[in-house]
Amino acid sequence: MDDTNITNAQRAKVLIQALPYIREYNGKIVVVKYGGNAMVNDELKRAVMGDIALLALIGVKVVLIHGGGPEITELMQKIGKKPEFAGGLRVTDRETAEIVQMVLAGKINKGLVSLINNMGGRAIGLSGMDCHLIEAKRYDERLGYVGEIVSVNAGPILDLLEKGYIPVISTVGCDREENVYNINADTAAARIAGTLKAESFISMTDTEGIKRDMNDPASLVSVVQVSEAQRLLREGVIQGGMIPKVECCIEAIRRGVKKVFIIDGRVPHSILIEVLTDEGMGTMFC
Amino acid sequence: MDDTNITNAQRAKVLIQALPYIREYNGKIVVVKYGGNAMVNDELKRAVMGDIALLALIGVKVVLIHGGGPEITELMQKIGKKPEFAGGLRVTDRETAEIVQMVLAGKINKGLVSLINNMGGRAIGLSGMDCHLIEAKRYDERLGYVGEIVSVNAGPILDLLEKGYIPVISTVGCDREENVYNINADTAAARIAGTLKAESFISMTDTEGIKRDMNDPASLVSVVQVSEAQRLLREGVIQGGMIPKVECCIEAIRRGVKKVFIIDGRVPHSILIEVLTDEGMGTMFC
Amino acid sequence: MDDTNITNAQRAKVLIQALPYIREYNGKIVVVKYGGNAMVNDELKRAVMGDIALLALIGVKVVLIHGGGPEITELMQKIGKKPEFAGGLRVTDRETAEIVQMVLAGKINKGLVSLINNMGGRAIGLSGMDCHLIEAKRYDERLGYVGEIVSVNAGPILDLLEKGYIPVISTVGCDREENVYNINADTAAARIAGTLKAESFISMTDTEGIKRDMNDPASLVSVVQVSEAQRLLREGVIQGGMIPKVECCIEAIRRGVKKVFIIDGRVPHSILIEVLTDEGMGTMFC
Amino acid sequence: MDDTNITNAQRAKVLIQALPYIREYNGKIVVVKYGGNAMVNDELKRAVMGDIALLALIGVKVVLIHGGGPEITELMQKIGKKPEFAGGLRVTDRETAEIVQMVLAGKINKGLVSLINNMGGRAIGLSGMDCHLIEAKRYDERLGYVGEIVSVNAGPILDLLEKGYIPVISTVGCDREENVYNINADTAAARIAGTLKAESFISMTDTEGIKRDMNDPASLVSVVQVSEAQRLLREGVIQGGMIPKVECCIEAIRRGVKKVFIIDGRVPHSILIEVLTDEGMGTMFC
Amino acid sequence: MDDTNITNAQRAKVLIQALPYIREYNGKIVVVKYGGNAMVNDELKRAVMGDIALLALIGVKVVLIHGGGPEITELMQKIGKKPEFAGGLRVTDRETAEIVQMVLAGKINKGLVSLINNMGGRAIGLSGMDCHLIEAKRYDERLGYVGEIVSVNAGPILDLLEKGYIPVISTVGCDREENVYNINADTAAARIAGTLKAESFISMTDTEGIKRDMNDPASLVSVVQVSEAQRLLREGVIQGGMIPKVECCIEAIRRGVKKVFIIDGRVPHSILIEVLTDEGMGTMFC
Amino acid sequence: MDDTNITNAQRAKVLIQALPYIREYNGKIVVVKYGGNAMVNDELKRAVMGDIALLALIGVKVVLIHGGGPEITELMQKIGKKPEFAGGLRVTDRETAEIVQMVLAGKINKGLVSLINNMGGRAIGLSGMDCHLIEAKRYDERLGYVGEIVSVNAGPILDLLEKGYIPVISTVGCDREENVYNINADTAAARIAGTLKAESFISMTDTEGIKRDMNDPASLVSVVQVSEAQRLLREGVIQGGMIPKVECCIEAIRRGVKKVFIIDGRVPHSILIEVLTDEGMGTMFC
């Protein structure tokens, strides 16, 4: 059925059925880690930004956090610099750090901000360099400016939320000596959600959620306890790119976030569906 | 199509399509005059109260104003008192005024408040007697305590809106000598909307709106200018119970309300459809 | 001596002698349970409402709580419904609950509000149905909608006090399924005073206070400790209608109210005399 | 009749009869010029300070302004300095200005402050030197540091009133070169009342008010229009020390004070009688 | 004389001599257009950022606005894109606009923010894309995304200033269709200063100021009236790069900025010298 | 080197070097006990008041506390009253207490306030009699009105600081019976600093600080621990007038002040040097 066939009577019912969910999240902080396919596909991207603008408008305090690996690689290639990886992490010399900063804080961040604003939101873009939002130090000398978070300054985020803005944050870290760090966005998002004592942390991925059998969508785990998730990690059921995502979700729970979700960013409006309907998408941690 | 067949993907689309309307009304005052069939039919009543709760939750400052003629008559009959009318107005002796007060401020008002609260709103019931909200004087000596509005005290309404409550107002007036007045709810609603400089005033009726031919639904006038409405009144196109309703709408426009609507209260969720969709229900005054 | 013989010099002295009491109660919450003769006698009623308006004006945060048994019975009789009692409590079927609601929240509440306003106060009438102020459940299945308090929502009371209004509360309770409950006003008043952590709770009765010998006014107990009051209850010294009143006073003390008084509502301006003079009227609990 | 014979019932009536006056002045600014006998007689002084404390406590924003000629002369005599006058004004050399400062801002001001505080008020003493409250220049070179007011800085007075304090102001002026000026207290009080746009300005004198015949108390003028007062000045009906007082009252009216009174400071509690009873003491300007 | 030879006694004197200037600018908005040599030379850059941090700390509301031409060219060259100019303006195709965005909003903006923060300031970086700060449209179709300012949204700047942050703004414009515009920083700075009704607008250049004879430093004009500046423009005395700068200063005056300065950015701490000493650096417009 | 030879470039460097100190004290409370030579020498006095005005302007919350022994003696002599001392304390009869009040609260306090205001500060003078700031009782019957502090009311001081004023406090105490007390200024200052939980307490003396050998300036102790200071007192190294000063510093530390300094009031701008430079003047307690 096409949505153009939905009558206004049905529209009204849909809206009214969202009421208990709107009520539940009213005035609460929801941190969204944005990434993966939803960041590459233009239509999905617009859908996500629309979701963010809508949630903010109906009284949810939304914080959007993003990385942007593929576009960093793209600019590096344009200027003829070969990306190098060690242990899955990008070796980040000073020039690379500068590229990371330009792409994340300049291109992607402001692009997302602009999209949200044009959809009726009031977004302001921040990076970890603004007001020492993310202070970092070297994670491993061999990796150069790959950063490990030292501290998160929640002040500016709370100030913007209080004034009714949607903070959009690129995970570029800084220290007290003008160095710039490439920070893993999942880690930063979980840490920020924890520092803000968010009601909810939503991690967008390119999977349906945690599955007991990677090849069987029916094996999706709707609700998982932290201890269970840790067991699935230990036993190797959770694999590959899902490992750090699950670890961040566990970390978010540990730091006091009330509800943590891994949702499928490939489904349009998956955030709205998760927050405003009775459908439990993906996997919820508790 | 049953709304149970609507997928969550469609729900999300419906919600996102409401975004521009939500944005338009965010933080604005909308005064709803509630009456007619929507007040008698229990299902319609619940639908309206749900609409009110939802609008308040997504940031609209809703004020609900109600009368309640049929229930007044009902209680009078129960206690063996014969209703009397003169020129279409209820002759109101002191005992009748007391009955009006009990039914409007006691039974109906608190019943509506309770419904809204149970649907997730935060409603507080007021009458024109609270903090001199509606000061009145006798309209015509022969009618007894039928009141003409002297002044409206917007203070308590604005105070409740500021604190996030939904004011539900029964139109019982008072004066400085302990007299109680039966006030026409349409007139009071238009006057209150004007005093509040409301963004929008919505009058619920039991018709589709203004029709050029009462028997032809296709003759519905979607948008009418005040001068045009006055001409339709003069020429007798607008008849019967619609005359005072249209007059109140004109009065609301004259007192500075930006958008004034007559909508069909017999359609479930007609308020939501008017406010949150692109469907122009009923007749809009401009 | 008639008060018209009091010179202005004497008036000034009287005012100045009230200064330490005004100072003591400035900005403090005083909950008054209004009832008995003071509610029936018109002159006494006006005196009480004047007292309330005056206290509010000089900076006391007054909350007035009332029931209204006799008028409920009166309306029931008018509509030919026979009041039924079981164990001293009114058997309350749905129709009776509706009558209770109309009489308390509609007639009495708004009448008191109107009187206070005309005496210079700024009163707003609430019922237990407004914003779930008094949530209740059935006390005893056989009694129908006689309610036992589940919880008190102090929020709206505090919001009104902050904005400078005098909340006048009728003790009609509600639940989450649209049921309406008849709540004992003494119990509700003591509970609300406790929830508000009031400085003072004043219960108006038709006696001088607790007497060791019911027939000897000279046996009045000016100050009573909770343990002593409990002993007097056990030993049957306190009898009849005074039993529940004394129990509520003990409950108020237990819930953290600082000063609790039973005063004689038959004496004009007994509230002012209690609060603003050195005369200890009635019985004080400590 | 002694006030000890007043019963508490009578006390309550007196209090309740003050209600309309309390209501009228609630939240309004009343500036009192304190002087004359009421400053010399210890009992009268205590009565005035009690009046001030009471008015502040019941919500009036009181500002007390005082001079203190006799005590200045007294200290001058103690240190063997001969007071000199020219045209009715004290010739004020630098040493005299210092004495004025010590007596007004040190002795009298803090003494009054202390009395008010001990009667339950919250007073803070200011002089015209605090935060450039009263900027002055020389009035006449021959008189030395006798000051003419250049400007009044209402900021600190309003800040103290907002925080709930009673500002008590000694009329010592200053300029930008460390000079100290002796300022006429009547003039300063009228000017300050005007700058504050006070509701009321009360000037305490040692007379009953304006009289058409100085020797006939019955010739007291209860209400006088500014034009009439000016005529009485021109015609010499108003004489001696009353001339500047009347001129200041006219000036206060001209600067926007709503109600201006000359009252008899020799009557105990004359301020309370004027403000809180129906007795029109002295002369009111309009 | 080396500053290390300055004694602490002298330091104290210097600080105390700055007092009248600190007082003059306390709580006032100062907009600084940062550019030229001060942006290229690392030592000068640190000096400017220190000046900004200091001014903010002593109570000045500083807004820093920057462009960044040379670094845009540098990145273009790195990725092998040839800069093209027409009529002195950079022809900006979509790819160039993206580069402008990355360099200004990503690299330079966050770099400055980081420097200020490490010097004790609390800076947050904004671009014209955040919350529609700078809405633009095409200036000339042939130039591509070179933008002309349509409107400035002062809201977010004022919100950040109120919360105590230093807004650092890169002049990248946006429209409602996701287009990004390259905006002249001088024009944007003057416009923003005007919209904010700034106390002062300081434009940093690589000259001493307006000179009557370009080759004679002694011909520096310290104070120039707008009409005089316009004459100097007309007569060709002002030449080359100074023309647009002078035009922007005139525009700032016209839009209500009180004091406008062109200062020499090549002199270390020229901002502090201009604001906190008696030395009138460069040219002041009035 | 004369400070007139300092170039503006050097001035800018001096200012910028003060930045870390300004940042450290921003928004913090600093209590200064003013006395000794700095109070007698007119040039030093102006320097101190300038320091106070400057610190307040750059965001430090300064509270100035003063006594004034010599001027009390001077006025006593003028009126022919012989000062009497017992155990180093002034025997204070009622007349002497009045003189203390006039000199401290009238002459010195308002003089300092005036000086600060003329240097750009916004000072308001208080005494211990304002709003019961310093409540006292007799220290020793034989000494008359020499007061021992009973309690400090920090409310008015914090209210003035919040509103941006500089409180200047004379240490005249009061009780609830109109008595006035002569309070030791060092003791009062330490006590007030403790009650305010000040960041810093600075005691101005006529020595360089604590010295191990009174005659050897080189034996100055820059930093002293409380236990060490107590030992120096016990062993008699600290002698004469320094004993009570050191005891007050220890008391301030004990009551929670973070940093306590004894500085040399004979050095011009010693406060600024202590607070805004790297020079550790005098002795710091920790």
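Chains here go by letter, A, B, C, D, E and F, matching the order in which they are written, and residues are numbered from 1 within each.
One rule holds for everything that comes next: a contact is a pair of C-beta atoms (placed from the backbone, for glycine too) under 8 Å apart; a residue touches a chain by one contact, two chains touch by 3 or more.
Since we're looking at a predicted model, the values are computed, not measured.
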{"item": "Separation of chain B from chain C, taking each centre as the mean of its C-alpha atoms, in whole Å", "value": "35"}
{"item": "Mean-CA-position distance for chain D and chain A (Å)", "value": "67"}
{"item": "Chain C and chain F, separation of their C-alpha mean positions in angstrom", "value": "55"}
{"item": "Centre-of-Cα separation between chain D and chain C, whole angstrom", "value": "44"}
{"item": "Touch-based graph of the chains, sorted into line, ring, star, complete or other", "value": "ring"}
{"item": "Starting from chain B, with chain C taken as the next chain, the full ring order", "value": "B, C, D, F, E, A"}
{"item": "Chain D-facing residues of chain C, complex", "value": "1, 3, 5-20, 22-23, 26, 47, 50-51, 53-54, 57-59, 119-120, 267-269, 272-273, 276-277, 279"}
{"item": "Residue ranges of chain B touching chain C (in the complex, touch as defined)", "value": "75, 78-79, 98, 101-107, 109-111, 113-115, 117-118, 122-127, 129-132, 156, 159, 163, 165, 172, 174, 176-178, 180"}
